[in-house]
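The following pair of complexes shares a single chain, chain A, combined with chain B in the former and chain C in the latter.
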Partner chain A sequence: MLAWSRGTGVGQVARLHHLYLTVGPARFRVASTWRQPLDQLAALYKDYPASQDGYADFTVRLEPEKPWRRYIRPSVHISGDYWLPDAAPLPLNQSLLAAEMGMNLQMALGWRRHLLLHASSVEKDGKALLMTGLSGSGKSTLSAMLAEKGWRFMGDEFALLNPDTGMVHSFPRLISLKNEAIAAMQAIVPDNRFGPLMKDTPKGDIRHIVPPLDSVNKMADPAKPALLLFPRFGYDPALRDMGKSEIFVRLTQASTNYVALGEVGFRALTMFVDTVPVKAIDYQSADQAEELIDGLWGELS
Partner chain B sequence: MSQLYRAAAPDGLIQFPLDSMTLIFQKSSGITHMVADPVPAIIEVMAEDILTADDVAQRLSASYDLEDTADAADIVLARLVELCSLGLVEQV
Partner chain C sequence: MMHNAQSLVDALREPDTVLALDGAKWADLISIARAESLVGSLAHRLADIEVPKQVEPILRDAIQATDLARQQALWEADSARRALAPLNCKTVLMKGTAYVAANLDVGIGRSIGDLDIMAARDQLPAVEELLLDAGWEWVKQDSYDDQYYRDHMHELPPLIHRERDRMIDVHHTILPLTARPTPNAVEILNAAIKLDSELYVMAPADMLLHSVAHLFADGDLAGGLRNLWDIDRLVQQFANEDKEFWTELATRAKLHQLERHLERALRLAARLYGTPVCEDRAGKTRFADFLYVRRLLARDGWGRENRKFTRQAFYIRSHWLRMPPLMLARHLWTKWRKG
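Presenting the complex of A and B:
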């Protein structure tokens, strides 16, 4: 698929390849100077629904930082409908990461239909378990692990909270594994669901996993939020209660569009904090985390 | 003459009690404030009236069981000054 677009330099018209992707309720048009990231995306997202009408909520653009950087030490600059002025370009062999970061960026800065929570989420029996925390807390790895053990994967980056219904909607992009989590998941996920290993990215070593097919097929199904966890990796196993004030503040910090949504966001988040049970969970291994989560899940009515 | 104060109109605020804190969302600014006692009570007793700090303290005494009524007006005044800086109360 090709598109014409003005782009890389003054008076130049750059020819961009492009690809449409539908992930949950969001539709993306990813446009790129190079075919490589689009070929990788097409392979990894092959089971996702195709765009029927060429409509997209957001455009992501992957272009050379300078015209000559298309060929000489190619470097991928991420832009689109929304962009950051100080975003560092990535080498071409990390262009898949650039595409994923570009889609994240559009959602984080532009999505308004749901309250976005920077959280992973999985579902069982129509109820959603959300996990939020700082980078390194293990929320992405835990969601990937649970997705291989009977839970439906709903997303490892954003949980989409519907302000009208209070339901969580799925945004099951590729699962992004970092560093040690890659080897851990290689032990339980078949090779054909892995994307390329990208070493020494700004986030360390990165490798993506395609979510289980059932999670992709059910990505339009929302779930009622039933439990929110704040995981913390590297500490003795423990569960702690948290005050609602702390929960509210941390969730405002974890939301990229709370302020933009105004009163709608306030009502959605207060309803969430008021009704969803919350625990802080410390763990040192995936098995410990799974045991603690199973125990908590069993206590839910 | 004592300074007069008026709280933001009640229909322009959404209050939501959490645990020890209360959230106040101000529709006009879109800002979420997180406040502790006695701020929610101060805003509640002020309603839409124009009052001095002493007036507010008297209304609080009538509605709540205050531990130290002697200092109530000073405490209320300090809070009113802070609330003015937040835009939740204005000087009249």
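Presenting the complex of A and C:
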């Protein structure tokens, strides 16, 4: 018998550079045609646990949209184990953003060990504060700000709800700041924790911050969800109660894998909604938000 | 870095082979299996193997995902049954949904996407109307595509359910009307087997032949490893359970004009998955088998398709098989003008 199928042969696609990253419970293998995004990731994630054994939960790929786009007006196409058919490519100077989007995409479409809530989260005394809302609600900025004021940062993109224990697990990737939030955070976070400024991305100007070292070191520690907020930026400061059915429906919309988990997701979410206090919160400045949050947190038993 | 999908084929055929993998090779294997939609089947195949603890949750996830896919597929099938009940005609489930509805080994861990059903051609307008009434709607609005489907394809243009967001493909035969073999759709419906649910699945030989037709004639062999794994599982189970299976298969292959296709599929399954096949049905090895194997294994450890030339050749070939030259030219011209 011929050894047909072994060996390499002509028509191989270009070789990829790669890097391993562990964020919370998820291990990523990021492969890229270009070194640039990997060098940036390596620098920004230098304090994260290094994976030595080669295992990965997900592979992310960053490749030219067409072969010639490796050199001519390079454009980065995001794919991997899980991918979306209509994902728009990004220019090479936004390849760090592409890598982050690629990792988020794997989590959103492929992660099944937790119910994923599109929410930021911070922890104090073993209890977690979650913030969810539409883009522009300020949930990411609020979590970044609280992380500089004594809270442990757990994540600004996904809160991972364990369906068996009801605990929230940390997914503390880089904090993604947009537009005005960049200048606001520059006032309180040292320069050496900032990534490159990426202008005019599909989401506006973006700059990443490395989370505080403490939150990276404790990224394996879960916390008990104690309060969920729906922040809204730009309105007079106010707190409102919300009905459980509204909360439930909004969280199904805020979850990327609620449907994919089937009954497990339903049970996890009903348990969450039944046990965790919730408030809608309007604010016009970070100070106002902090004051409201401190007040609510103090009232928790 | 793995340069082809051989490790996946090895793991499916002989689960012990994974014991030799290190961490990076496991990462390759998982990416390849996900890209080939075989990660659920792989996870089940490795159920009795002691895999590294880093891999266990990945395989468990894959099993849970396909368990849910099975449940959803059966629900979709039942929704279609309810919608079509007034018609009182045979509704035959096809592919993945049929495998799980009939509780076949091939359904274990299989990924399932759209719901595929088959009904008699003269019933199609009524089927279409009932599905539209029950909440399905057209996916494509384009009138060229719509007319193309109706004139030349073996199925209605795809429909999607407006609430559940799930697609249904309604077939009246198993190959496009423009393809060279002409399977006997009436005979397939006549021989179909009724399940407890009142839905039907194809009889064993027809079911295997549909899988064969699907592998070769209805595509460019993308996802071919999964289709070929279906063929392996079907052959192993049917040949085991029924001594007359190979004889029946010969009769039905002739009836559906799929003898050559069947031979090649069996040779490829035997070569890649070690499927025990009846030599009279598989025929002699041909040179082109080599190209098929190259094409089927064209995926690297990052999960990327490689061997571009081989793939391109199969893509052109898939269109060539599907339509006569003049029609192909007209089709590509229209598609090109529309951008």
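The rule is simple: the second predicted complex is superposed on the first by the 290 of 301 C-alpha atoms of A that agree within 3 Å, B and C clash if a C-alpha of one lies under 4 Å from a C-alpha of the other, contacts with A are read in each partner's own complex, and residues count from 1 in each chain.
Just so it is clear, a residue touches a chain if its C-beta (ideal position, glycine included) is under 8 Å from a C-beta of that chain, and two chains touch if they have at least 3 such contacts.
Here the structure is a predicted model, which is why all the values come from computation and not from measurement.
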| item | value |
| --- | --- |
| Chain B versus chain C as contact partner of A:G262, first or second or both or neither | both |
| Touched partner set for A:P202, first chain B, second chain C, both or neither | neither |
| Which superposed partner A:G295 touches (first chain B, second chain C, both, neither) | neither |
| Which superposed partner A:V273 touches (first chain B, second chain C, both, neither) | first |
| Chain B versus chain C, judged by how many residues of chain A each one touches | C |
| Partner chain in contact with A:R29 - chain B first, chain C second, else both or neither | second |
| Which of chain B and chain C A:G126 touches, first, second, both or neither | neither |
| Which of chain B and chain C A:G243 touches, first, second, both or neither | first |
| First, second, both or neither for A:A56, with chain B first and chain C second | second |
| Intersection of chain A interface sets (partners chain B, chain C) | 262 |
| Of all residues in chain A, those that touch chain C in their complex | 2, 4-13, 15-16, 27, 29, 31, 53-57, 59, 61, 63, 80-82, 110, 112-113, 260-262, 264 |
| Of chain B, residues touching chain A in the complex | 14, 16, 18-21, 23, 25, 27, 30, 32, 34 |
| Residues of chain A defined as touching chain B within the complex | 243-245, 248-249, 252, 259, 262-263, 266-267, 270, 273-274 |
| Residue ranges of chain C touching chain A (in the complex, touch as defined) | 1, 3-4, 6, 9, 22-27, 30-31, 34-35, 52, 54-55, 57-58, 61, 64-65, 68, 71, 271-272, 290, 293-294, 297, 300, 302-310 |
